[in-house]
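Have a look at the structure below, then the notes.
Order as written gives the chain letters A, B, C, D and E; numbering starts at 1 within each chain.
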Amino acid sequence: MQKIGVFVCWCGSNIAGTVDVEAVSEAMKSVPGVVYSANYQYMCSAAGQKLIADAIHEHHLDGIVVASCSPRMHENTFRKTAEAAGLNPYMVEIANIREQCSWIHKDKEEGTAKAIVLARTAVAKLLHNKPLQAGTSAVTKRALVIGGGIAGIQTALDVADAGYEVDIVEQRPTIGGRMAQLDKTFPTLDCSACILTPKMVEASQNEKINIISYAKVEKVDGFVGNFKATIRKKARFVDETKCTGCSLCMSKCPSKKGKDEFNMEMNNRPAIYIPFAQAIPNVAVIDPEQCLKLKTGKCGLCEKVCTAGAINYKQQDELIEREYGAIVVATGFKPIDPSPLNEYGYADNADVITSLELERLMNAAGPTKGTLLRPSDLQHPHEIVFIQCVGSRCDENTKRGKPYCSKICCMYTAKHAMLIRDKYPDTKVHVFYIDVRTPGKNFDEFYRRAVEQYGVDYIKGMVGKVAKEGDKLMVRGSDLINNQQVEIAADLVVLATAIEPDPTARSIGTMLTASMDTNDFFTEAHAKLRPVESPTAGIFLSGVAQGPKDVPETVAQASAAAAKVIGLLAKDHLVTNPCVAYSNELLCNGCSQCEKVCPYGAITYIEKEVRGPGVREVRRIAQVNPAVCQGCGACTVTCPSGAMDLKGFANKQIMAEVDAICL
Amino acid sequence: MENHVQMLTETALRISGVNPQKCMKCGKCSGTCPSYDAMEYHPHQFVAMVEKGQIEKLMESDSIYMCLSCMACVERCPRGVEPGKLVEAVRLMKIRQQDQNRKNGNDIAAFADENVPQQLLMAAMRKYRK
Amino acid sequence: MIYSYYPGCTLKDRAKEMDKYARASAAALGIELREIPEWQCCGAVYPQASDEIASRLSAVRALMNTEEGKLVTMCSACHHVIKRTNYDWNRDADFRMKATNYMKPEVPYDGSTQVLHFLEVIRDEIGFEELKKKVVNPLTGRKIGAFYGCMVLRPGKELAFDDPENPQIIEDFIRALGAEPVKYPYRNECCGAYVALENKNCAETQVDRALNSAIANGCEELITACPLCMYNLVENATRHKLPVRYFTELLAEALGVKEG
Amino acid sequence: MSVSNPNWKPKIVAFCCNWCSYAGADLAGSGRMAYPADVKIIRVPCSCRVNPLFILRAFERGADGVIMCGCHPGDCHYTSGNYFARRRMTMLFSMLDYLGIERGRTRVEWVSAAEGAKFSKTMNEFVKTIYDLGENRKLGDLRCKK
Amino acid sequence: MARIKQRAIELLSDGTVMRVIGWEKGEGNCDWSPALFENAAEMENFVYGDYAGANLSKYCLKFNRQEGKTLVVLKPCDTLSFRQLLHEHRIDREKFYVIGAGCKGMKDEKGGLLKCSACKGKEFEVYDEIIDDEEAQKTTALMDRMAGVIELEKMTAQERFDFWRGELSRCIRCNACRNVCPACSCIKCVFDNPASGVQSKAPVTDFEENMFHIIRAYHVAGRCTDCGECSRVCPQNIPLHLLNRKFIKDMNELYGDYQAGVGENERTPLTSYTKEDAEPGIVYERGNA
């Protein structure tokens, strides 16, 4: 028979005001199992805790019930008290007689009666508690960063700085991501390449950082501290160790029909190419879709001109398996395709472009070498219309775009408008907007400069139709402030298209069992208090993968994610939650039902010789990895035989509670 | 009076099925409306005015007869507000009142010539009278 | 293949040729358009208010009288009204109940009729490739623009006819007949006809803008599926003129059944 | 629906997930948003921990109503737990209905950690429903052999 | 029957299989029962035909870990149970040689079997070979499988309650339903396990006998192929299939058509979900209260 002590807290008058604490502790004395019962003004105070510790010693208690405030408040406090007094901390149960009793009832008799039931229920549960030991698991001291944009680079640099190895896996042939495509950055208007490329170089030269470009993560197993990833490094058909990045092959390649992804496909590139001059690694890659040699077997010019002998048409994909302690998701974003919103005429008119396309048109390394020329006839546009919120802020049922604000468009449009007015003062610039959103340091000042110094024409209203008439684009929209419908004959129309997560994000989320929202952004563990962690332990979030954000915010979040990664990698062992599922091998059918509902992949099946009373045979049985299990209990209900149970919330414990309440 | 306004607003909302609170006041409806210049109150104002209970003003305005029912505002509204349905609702509320036909049968018949298609006359019967 | 057919009143009068060519073409395509018995005018405008029951009943009757399961329409307005009424029937229990109580039919309408515009029949049931094979008189060299207008396209969710912002069904149709389709941005805008009685000016502006745009993009003629658009494009064009035909006429011509 | 015993007080078991609904109940408490003392809460890690057996057990032991609360769909701390719970409870409720047990003795409500008021309102409603239904006789009566 | 028997003997003789699970005649003409045959001589008693109603797939559990292959004769509906056991990793495909036996509906001494009147079709979900004849392929369901459930749903709650009280109170807890059910195949049943909290051998309180059937139906929900064996073997003629079919009907209606034991998907409706699933309250909005 267990010896249980019950400690009823007054919480000053918070509990004692509506609950007769004396009566409760008295009533508990007659509950089977209870050998000691007391009440005290503040059980959580040092004196209160001493009272508990003394009682544990004196009465040789092997379990305690504290009837007090919510366990969310002081369960940990009392567990520590118990532990200090030599009791297993999981032999503590809390009866919540404050939030769920004294505070919601006025009648003292009613409150007292309920408090007795709640305390009795906690005792009933405690009678089935078992001492639990928190386990430990080792930590592999290496991080994997998925995505090599500014977010991934910054996280990798910070983690490497703390002395840990980091692998960056980037799907494109170079790191740099979207920021590499930008011309200038707001609100300071410094050149994007000038601040990004040094970081790229730094990453490539850091001996703790290993860049695996043109690659994708194909599989991830394991759990926090102990992930194992399989990475497919796609064949570049160029030996990375030999290529010098001289780009001679590019000028000789006869196939020039590949679309230049870096320039938003506004011009062509050769089949063998380096995405841009400052690419890291600065190594060529062959596009197998375009390469004549790979497609027809005839050509081989690049091989002939390569003095380094780097070309290898027989190169195969390579599979890399590595272990990691932490994984950072920095998969970034892409602009949406505005073609379906064809009242803007994007699909039909070359001179209706997206903002990212404009970035390339204004960039010195872009298709027009930095001179702003409109795509259709390479003429200077003299009247430009910007349209905000294209595909953002839409009601989901309309299927016209994303429900969220893409956050960066107001600022980059102000930037574009300003840059154009600065460089081409003869060009008129109009911006159709719904709201101008500029929360950020120096942001509103920046927007005001666009209006006041650069004379950008902001029109509050939306565009209904863009139609080509002659060589003009007729933009019809509303001007709500002037209460009129306006029509502007523009030479160029720029759509501030919504941004969405990179298309690879969803499959990566599934692979990592990291939860995502309906827009495919990764969900943070807590919106305010744990903003850079996924609810799945060991997975961290960096950059737009978590939600729309600009460069400064991305860098800040990337460093925050790095801090969390460092905090994890700095540990030699992780303490695991002992309230996890376990399978009774004598009862397990090995039917695989539980595996289907486990959100963490914590359950595996093994063939094992099972021994028990009258049983000795090899069976397929479920095994729970306690380091991965988070203790939700989904498996316990799916299990038809009751083999699967949850420590701390066992079937017997919950049924005992049910019985005690219904007594 | 208060009650009357409330009743009118509720009727407009009920028969149109429109929730004006979904509107984010972007003005796209008015940017796309082909009848904009013929209207005293423009589509986005219909939404705002119904939300504020100013139905009577709308009922007294010729704007309710200017809508082409072309559904461009309905189609293009990013919030799914469907302003066109509100215009229609207010128009119906007007002509359903006694002696409030915009045009009578003779007016409409007078319009017919050898080219006017039946459906245009039929549409006018529906749009202008009860 | 037999389809139930709802011609609508305009096709019995001002737009007789649209009907005539449709029937001739259908025969040439190996399908029969069987006119449903005792149909009434669709009402010409879809009543958008949820409490308008009576004005949607003729559409419900047409849907109920569809023996072949698929009801083919020709006129954009009829299509619009009947298709949307069918949509309501399947989603609005209140309308369903009130309409049923009002009509007291022996067998209530079960909502299963599929409303197809004749262009949809050609695209989805026959196929443009098949149509191409049946063309005896290819319209080679002709530059034809489609004027969709509003009623077959919007609301896109209910009509589900084609992409309302970037439709291509009539262009594909023109291409199948051997002519060259010309796309122009105003092809899916309203012609303005509904207010022609009150506001001729609006109708004229809309038509002029559309015609100007069509001509600028190289159209030499237009086709439409809507008698209202037809009327307006012809009667209210002030600055620009283009020949306008019903799509069925063009079809009959290409199939070699226009005469007789 | 007759209440034979005028002193009858219903026994109501509420299963609440630790992360949302239990916290919501705490919030109802700190906001002093009263609901009847007939409701007793059992804390579970997640709504997906609630085995239909527990609910049947409660009825067997004389409960008059059982309510399960969890995080709103899409907000589960464990990502998917409440989605499974939703299907399980739907099936259980349907079966009880099929057996002729009064509707309303079982209920599911999604209550977030921020919805103290909703928790209180839900419990008030549920208790009222149970008072209206009266004692749980049918599940009891099922015991009687002919 | 002769072809099946002959083929089984062949396979036994050439060593392909080590044993055969089939049927043999009982004392009367109509009470054929499952039987094990380990050699050609024993195969003399093998029968197949009108009274081979028993679903043999559950017996595979016994032989899964034994040496060599086991031949099992399965009717079309039985192969669904077999497939479901494969889904649940309870049996290994390569340990069995499945002869799909054509079926034109089975009988017992009282006539056509209830389960056959709602025949699920003549397709074999799993087989190594099919031995069938023309006649067998033609037969189809005589009635709507859900008719009984729908009838109950149409009743008032009180009528349903009275119906089930009448039916379930006849239960003698003989466990025949549990023992025959291919889905109810736990190594240790919760009702036999003192630790489960619901242990009961014979019903102590009568509530438990109802619990037993509800929990049993719940435990097999999503896994039950509706083979109908439970009702067939019940000595008290309790229409237990009406419990299982209720779950099947609900799952089909709420979560999309699903047939346990068909196809490759191992997930059942209760181990899957969609974000848009109906809320549990929906069951209170349907049918009669």
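Structural remarks
The rule is simple: a contact is a pair of C-beta atoms (placed from the backbone, for glycine too) under 8 Å apart; a residue touches a chain by one contact, two chains touch by 3 or more.
Just so you know, these numbers come straight off a predicted model, no measurement behind them.
Common neighbours of subunit B and subunit D under the contact definition above: A. Contact with both subunit A and subunit D is made by E.
Of all chains, the one whose mean C-alpha position sits at the greatest distance from that of subunit D is C. The greatest centre-to-centre distance from subunit E, using averaged C-alpha positions, is reached by B.
A straight line joining the Cα centres of subunit A and subunit E is 46 Å long.
Subunit B and subunit C have Cα centroids lying 24 Å from one another. Here the CA centre of subunit C is 55 Å from the CA centre of subunit E. In terms of their C-alpha centroids, the spacing between subunit A and subunit C amounts to 49 Å.
Residue positions 165, 189 of subunit C each touch two or more of the other chains.
Shown for subunit D are the residues in touch with two or more other chains, namely 52-53, 57, 74, 80, 84, 88. Contact of a single residue of subunit E with at least two other chains is seen at positions 190, 197, 270-271, 275.
Going by the touch rule set out above, the chain pairs that meet are A-B, A-C, A-D, A-E, B-C, D-E. On the side of subunit D, the complex with subunit E involves touching residues 52-53, 56-57, 60, 73-74, 80, 83-84, 86-95, 97-104, 106-108, 138-146.
On the subunit D side of its complex with subunit A, the touching residues are 11, 13, 18, 22-23, 25-30, 32-35, 37, 40-46, 48-54, 57-58, 61-63, 74, 77-81, 84, 88, 120. Only residues 339-343, 345, 347-348, 399, 465-470 of subunit A touch subunit C when the two sit together in their complex.
Contacts from subunit B toward subunit A in the complex involve residues 22, 24-33, 36-37, 42, 44, 72, 76-80.
Interface residues of subunit E, counted against subunit A in their complex, comprise 65, 87-90, 185-190, 193, 195-197, 219-220, 266-268, 270-272, 275.
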